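For clarity, chains are labelled A, B, C and D in written order, and residue numbers in each chain start from 1.
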Amino acid sequence: MLTLENLSTADAKRPLAGLNASFEAGRIYTILGRTGAGKTELLRTLIGLDPIRSGAIRLDGADLLHRPVRARQMAMVYQQFINYPHLNALQNVIFPLRRQNVDKATAVARAREALALVGLSDFETRMPSELSGGQQQRVALARAIVKNARILLMDEPLANLDYKLREQLREEFPRLLHKNVDGVILYTTTEPGEAMQLGDEMVVMHDGKIIAHGDPGDLFDNPPNVEVAQLISDPPISVCDGRIFGGMACFTDGSPARLAGGGLHDGTAVRIGIRPDALAIGGDIAARVTLAEFSGSDTILHLQLPFGQAAMLLDGIHEFQPGHGLDVALDAQSLLLFSQEGANITGRIG
Amino acid sequence: MRKPLTGSLSALALASSGILGAPAVHAEDYSRFGISADIPGTCSYEAIDAKDYSGRTLNIITHAIPVIGEPTALHAEQFAELTGAEVNVVHVPFGDLFQRIMIPFQSGQNAYDVLFYGSLWIGDFNRFLEPVPETYLNSTGMADVTDSFRGVATWNGQMIQYPMDGDRHYLKYRTDAFENDALRVRFQAETGRELAVPATWEEYNEIARFFSGFDWDGDGEINYGSAEVAKRDDLMFSAFISRAAPYAKHPDVTGGFFFDLETMEPLINTPGFVRGLELFVEAQEAFPPGGTNFGLGDEIFSFGGGQTLMSYSWDDAFVQAQQEDSRIRNMVGAAPLPGAREVWNRDTGQWDRFDEPNRAPYMTWGWSSAVSALSEEKEMAFDYLCFFANEANTSHDLQIGRFGVNPYRNSHFDSAFWQSLGWEAQVADSYVNTLSQMEQSDNRVYDLRVPGVGQFMSSMANGVAEAMAGQKSAQDALDGVADEWRAIVDRIGKDRLRDAYANVVRLEDNTHQDGSP
Amino acid sequence: MNRTYLIVKYLFLLAWSTFVVFPFLWALSTSFKDANAVTSGARYIPWLEFEPSTQGWKSLFTSGSQGINIVTPFLNSATVTLTASAISLVLGTLAAYGLSRYQFRAGFVKNSDITFFFISQRIMPPIVLAIPFFLMLREIGALDTILGLVIVYIALLLPIAVWVMIDFFGSIPKELDEMAMIDGCTPAGAFLRVILPNSLAGLVVAGMFCLIFGWNDFFFAFTLTFTKTQLLPVAIVSLNSSVTPWWSLSAFALISVTPLALVAILVERFMSRGSLSGAIR
Amino acid sequence: MLQPKHFFLLPALLTLLAIIIFPLLFTVRVSFSSWDVYQAGLDYIGARNYLRVFQDTRFWESLLRLSVMSAISVSLQYTLGFALALAVWKQTKGGRLFRVLFLVPMMTTPVVMSVIWRTMFHESLGPVNDLLSVFGIAPVPWLSSAAGAFASVIIVEVWQWTPFMFLLLLAGLVSLPREPYLAAAIDGAGPWRTFWQVTFPLMAPISIGALVIRLIEASKIMDTVYVLTSGGPGTATETPSYYIYIRGLRDFQVGYSAALSITYLVLMIVSLTIISKLLMRFLIGKDS
C-alpha cells in the first residue's frame, strides 16, 4: 500500500498542497485533472524526480523519501513516447532488467514475454524510430511491466496517440494491467471518459489538491462539488447562477429549476449545474446557438439561454449556424445544485 | 645550386684573412661542407673541429628560411658535426621575431643562446646581451669589418652584437630602360630633361611617373615606375626614412636626426620630413597596382620580376634580379639613394640650397647576431657566431643571394668577386661603388636605436600610412606622430632615451666615444 | 515556378562551390610554381602556362637548412590537438551535461552565468594572454613542451566543447535520463549508458570544432615554444622570409587541411542521416 | 556538500579556472602597471592606462570599424549559410559532395589561408583581377583602397566562416519537427510564406546561438587583417584585436595593451549581452 501523508512541494510550477491518499496494490487508480492540475507533478514527486517540501511517502509503511530514484521500485510510462533511441525494442525492455542484475538469459526471456504481451513479438529488432507512435508506447509499457515494479505510474500515456489507437489501447489496458501488474497503478488523464473506463478508483485533482477520491461511477453520478462536476464530464457540466425561491432553486430569470432548495433560505444565491444531456431540442426555453462543434459522432451546441450559457450534447452531426434560434427543454433529473461555495447540495424532488 | 668557388674568389678570401702567404694545405679536407677549402683563421673549420661540445646543446633563434635563416641552419649543421654539439634552430618571420625574443628576455627565461635579429633593436636588447669577449674582438674576421658595421654592433663603447651581415638601402634601376635610346628621346620630349639615374627624389618621382603604365620592356606586361615597401606594418618605416633623410639630414647640423639630442624634442614633423612624406605620397601614382600595400616580398617580386623601373631598399630585390634564371639578369644597376637640393637646416630654421644634391645614406638596420646574457653556453655560442662569420663561410654565403648575407667587410667591396659570380662588370662595379661610397659618407643616417624603437616606428608608420591613404595631410600626419613621440618619451623617460640616442648620434656625427671628431 | 527554383538553386550551389574551391585550385597551381612563374602574372595551368617546379612541395619535406621537414611538426600538432581535444571533449561534455540537467547556485551565480563564464573565455583576444601564459608555463616548467601547449589549448577548446554540448543536451529530452534512473541507473550510469550513446552526433560536431581550432592555432603554438616543440602552423612560417614563398605556403595549405577534410566527411555522414538532430539547440 | 551533479560540472570548471585564473588576474593587474619594453614588472600607476585608453581615438575608431565589419560579415555569413543549408537540406543531387565541400574552408589555417588570399588579391600577379579583366572589368584596387581592403577582409571572412553557419543551420534544419510544415501545407502556404512563418521562427534559437558565437569569434579577427592589409590603407581595416596586437607585441606596451584588452572584454560582454537580448526579442519575441 502506497500512502501519501500531507505531501507538499514548493519548487514546481504547480506545487502540490498537502496531499493525503492511500493506494492499494492491484488496483488501477486514475487521476483526473486538467493540464496543470498537478497530476504529473504528483507522479514525479512519487518517483523521486522532484523534491518535496514536507510530508511523507510510504510504501507498506516504509519511508520512500530517502531512497534514490533507482531504488524506489517504480516504473513509469510517459506521455511522450520515451524509449532509449540507441537500443532496439528488445534491448529497451531488457535494459531495466539488467540494471536489476537479472542475468542475461533470463532478462531476454522475460523481455520477449513482455513484448509478446503488448503484441510486439515481430518487432524485437526494430529501433524505436522505426516504430509507429502506438508501437513505441507499447514498448514503453512492456519496459514498465517487465520490471515487476511495486508501483506503475502512467502519465497520460495515450494523450499523444491518434483517436483510433487511443480507443484500442483503452480497451486493452485494464485486462493487460490487471493481469500483469501486481503493484499499485496510477494512471493520469485529462479525459473523464478514460478515467472512468479504466479506473478501479478515481482521484480528481485541481490546483495541486486532491478534490475527490472514490468510485468513478459514484463520483460521476454525485460529484461532491462544483469543480469535480466540471471535470468529470465531457463536455463539461455548465454552471449557471441561481437563487432559492420558495424552497426551490430557480434560475436568475425566475424560471424554476425544479430542484429542492437544500434547506436554504429564500434569496440565497446558489449555482445550478446543467449536464450536457440535460438539454433536449423541443421545449419552452428559447435558446440561441453561439457555437456548434463536433466531438466524434456527436455535436456539442453552446447555447445562450435566458438565464445563462450551457452546452448541449446532441447525437449525430448537426449543422447549426451561430445565431440560430431554437427551443429547448431542460431535464430536471440531470441538474445539480451547488452552494455558493461549491458543495453539492442537490436534492431531488419527489 | 651553388656555384663552385672560383680562383679569384679564393684569392679574395685569402687576401681578406690577411694570411695570403700561409700555405693552403691542411691535414683535413672540409670541402664536404660545401666550401671549396677551409681558410685559416680564428674560427676556421679546423679550429672549430678541434673543439668538443658533445653532449651540450645550443639553441638558436633566427629569421625565416632562406634570408639569414638558411645560413644559420647550414652553419648550425656544420657546427654540430664538427663539435658534436646538439644545435636546435628555430626560424621566425621578421614581424614576430621581436616579441619572440623579448618575452623570454623580460621574464628571465633562458630560451635561446644565440639570437639573429634586426640590428635596430639593440636599444631594447642591450641589457640582455653578452658583450663580445676579447678573443673574438681580436679574431681575424672581426679585424676586417667596416667601421660603420662595428659601430652598429657597439653600445656604449662595448661591442655586444656580432657583425655577420651588412645592410643598407640603395637605389636599384633597370639599365635596359635607362639606356634605351627611344625611351630617352621620348623622355626628353615629354619632360625637357635628359634621362639619367635620379639624383633627387623629385627626379625619382618624375622618372617613375613617366615610366608608369606602358610596356617599355616589351615582355607583354605593363610596366610601372616604382616599387616601394608601403605596407604599414611591414618595413615601410625604413622606406620613409630613406626618402626623408636627404631633406632632413643637413650635413652641417649635428645633434640628432629624429630628435634634438639636447631636448629630446621630436624632429619628425619638421619641414624636411614633411617634404619627404609629400614626395612619398606623390610617388604612389607610379606604383604598380596594389603597390601601396606592398610588403618587402612584393617589392622584391615586383622589381626582381621585371615589373618596375626602380626600387630602393635592401639587397634582396637586386639579388633576385640577378638570379641565374632571372628574366632581367644583368639589366639592373645600383646607385646611391637619391638626394635633395633643398635641405632643411634646423639650426637656422630655413631651407638651404645645394647645387650638388645632398645625400644622406640610410644605414638601415640589417641582420645582426648576439649571445644572450642568460645563456649557459656562452663560449659555445660565440664559437658558433665566429664560425658562422669565418672567412670561408662568409665567402660562401655572399655568393648565394637568397642567404641575405651582404658585404660588411672591407674586402667584400671588390668588383672582381661579384664578376666571378657571373655579374657583368658594369653591374658589379655599380654595386660595389654604391656600397663603398656609403661607407665613406659623412652624412649617414642610422635607425633610431633606442628602447621602444618599435613604438616610435609603428607610430611613425601609422602617421605615414594615414597620409599615404589621404586621411590626413603630410604635415597633420607628422604632427600627430610628433605628439605620440612626445608621449612615448614621457613614458619611457627622457634621460633613458637620451643616453641611448647619444649612441646613434655619435655614429651620425662621426664622433668618437669621447666626443672628439 | 518549380523549375525556375531548381535552376536558381543549382546555379547558386555551383557559384558557391566555385567560390569555395577556387582558392584551393589556385593554391594547387601555385604550389607548383617558382619565383619566375609567380612574378610573370596570373598563371593557372602548369606546362601550358608555366614550367612547373616542385620546390614548394620539396621545401616541406627537406631536413636541413633549405627547408623544413613537416613530419615532426605534423606529429606534434596531431598529438597536441588530439590530446587537448579529447580532454576538452570529456570535461566539456560532463560539464555541459551537468549544466543542462541540474540547477547550480552559488550566491548570485546560476547555471546561465556558469555557461556564460565558459563561453566568455572565447571573447578575450589571445594576444594579451601570451605573456601571462608564458609566465605560468615557465613556473611549471612546461614552456616549449607538448604538455604546456595541451594545457593552454584546453583553455581554448573547453569553452567550445561546453557550448556545443550544452546545446546538444538541451535537445535530448530530460525524460530520457529520468527513465534511465527509474530503470535503475545511477546519475552517472544514466549519463554513460543512455545519454552518451545518444550524443554521438553532438560529440562529433564538438570534436570537429575542437580539432579545427586546435589544429589551426598559430598564436600560442608560436609564443609558448622555443626550439624543441614545433607545431605545424609555426613550422610553415619558418619559410616566410623576405619573400613570401607562395609555392611552399600553397603546398602547406593543402597538406594541412587534409586531415580535417577527412573529419568533414565524417561529420557529413552524421548530417545526412539526420542524426545531427539538434546537435545545436 | 558534494552531490552527483558536482561531479559533472566541477572537473571542467576547476580545470578551466586553474588554467585561466592566473592569466586573467594577471592581465587585470598588468593593466594597472607601466610594463613596457624597457621595464618588465608590476609597478602600480593607478588608472593611467585606462585614462589613455579613453583618449585613444585610434582604439575607439577601430571599435566602430569592427562593429561595422563584423555586422556585415556575420550577417553575410548567416544569410549565405542559411541559403546554402536550405539548398542542400532536401533531396539534392550531389548533396553529399556539396555538404562536405562547403565545410572545408573553415578547416584551413587562417594564418596560411590569408596568405593564399593575399596572393589571389594581388593586384597585378593575382588571379582575381586577371579573371575580372576577362570580363572587361578594370583592375580593382583590392588591398590598396580603403573600400577594396575592407571588402577583401570581409570576403575572406565570409569564405572561411560561412561553413560554420552552414553546419549549425543545417543541423538545425535537419532536426526540425514535421508537423508545422504539414499545417502550413494544409493552409496552402507557398514556399516563401512557409519559410517566413515556419522555418525561420523555428530556427530562431539556433540562429541566435550561431550569430552570437560568430560575433565573438569574428570580433577577434586579426590574422586576416595582419596578412592582407596590415590594417591599412591608413587605418582603414584596423580592428581592436589587431591594434591590441600592435600595441602589445609589436610596441611591447604590455601594460597598456592589457588595459585595452580589459576594456575590450568588458565592452564585448556588455554589447553581446545586449545583442543577444535584442536578437531574442527580434527573432523569438520574448525576453531572456
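To be clear about the criterion, a residue touches a chain if its C-beta (ideal position, glycine included) is under 8 Å from a C-beta of that chain, and two chains touch if they have at least 3 such contacts.
Here the structure is a predicted model, which is why all the values come from computation and not from measurement.
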item: Remotest chain, chain C as reference, centres from CA atoms; value: A
item: Cα-centroid distance, chain B relative to chain C, in whole angstrom; value: 40
item: Centre-to-centre distance between chain C and chain A (centres being mean Cα positions), rounded to whole Å; value: 53
item: Whole-Å gap separating chain C and chain D, where each centre is the average of the chain's CA atoms; value: 15
item: Of all residues in chain A, the ones touching two or more other chains; value: none
item: Chain B, residues touching no fewer than two other chains; value: 96, 99, 106-107, 221, 295, 301-302, 305, 307
item: Chain D: positions in contact with at least two other chains; value: 124-125, 129, 249
item: Set of all touching chain pairs, with the criterion as stated earlier; value: A-C, B-C, B-D, C-D
item: Residues of chain B touching chain D in the complex; value: 95-96, 98-99, 102, 106-107, 124, 221, 231-234, 287-293, 295, 298, 301-302, 305, 307, 451-452, 454-455, 458, 462, 465-466, 468-471, 491-493, 496
item: Contact set on chain D toward chain C in their complex; value: 4-9, 11-13, 15-16, 19-20, 22-24, 26-27, 30, 80, 83-84, 87-88, 92, 95-96, 98-113, 115-117, 119-120, 124-127, 129-131, 159, 167-168, 170-172, 174-175, 191, 205-206, 209-210, 213, 216-217, 219-220, 222-223, 240-241, 244-245, 248-249, 254, 257-258, 260-261, 264-265, 268-269, 272
item: For the chain A and chain C complex, residues of the former touching the latter; value: 47, 49, 68-70, 72, 74-76, 78, 80, 82, 84-86, 95-96, 99-100, 143, 147
item: Contact footprint of chain B on chain C as seen in their complex; value: 35-36, 38-41, 59, 64-68, 130-131, 134-135, 138, 143-144, 222-223, 225-228, 230, 237-244
item: Touching residues (chain side chain C, partner chain D) in the complex; value: 5, 9, 12-13, 16-17, 19-24, 26-27, 30, 38-39, 41-42, 44, 91-92, 94-95, 97-99, 101-102, 104, 114, 118-133, 135-136, 151-152, 154-155, 158-159, 162-163, 167, 171, 186-188, 191, 201, 205, 212, 215-216, 218, 232-233, 236-237, 240, 244, 246, 249-250, 252-253, 256-257, 260-261, 263-265, 267-268, 271-272, 274, 276-281
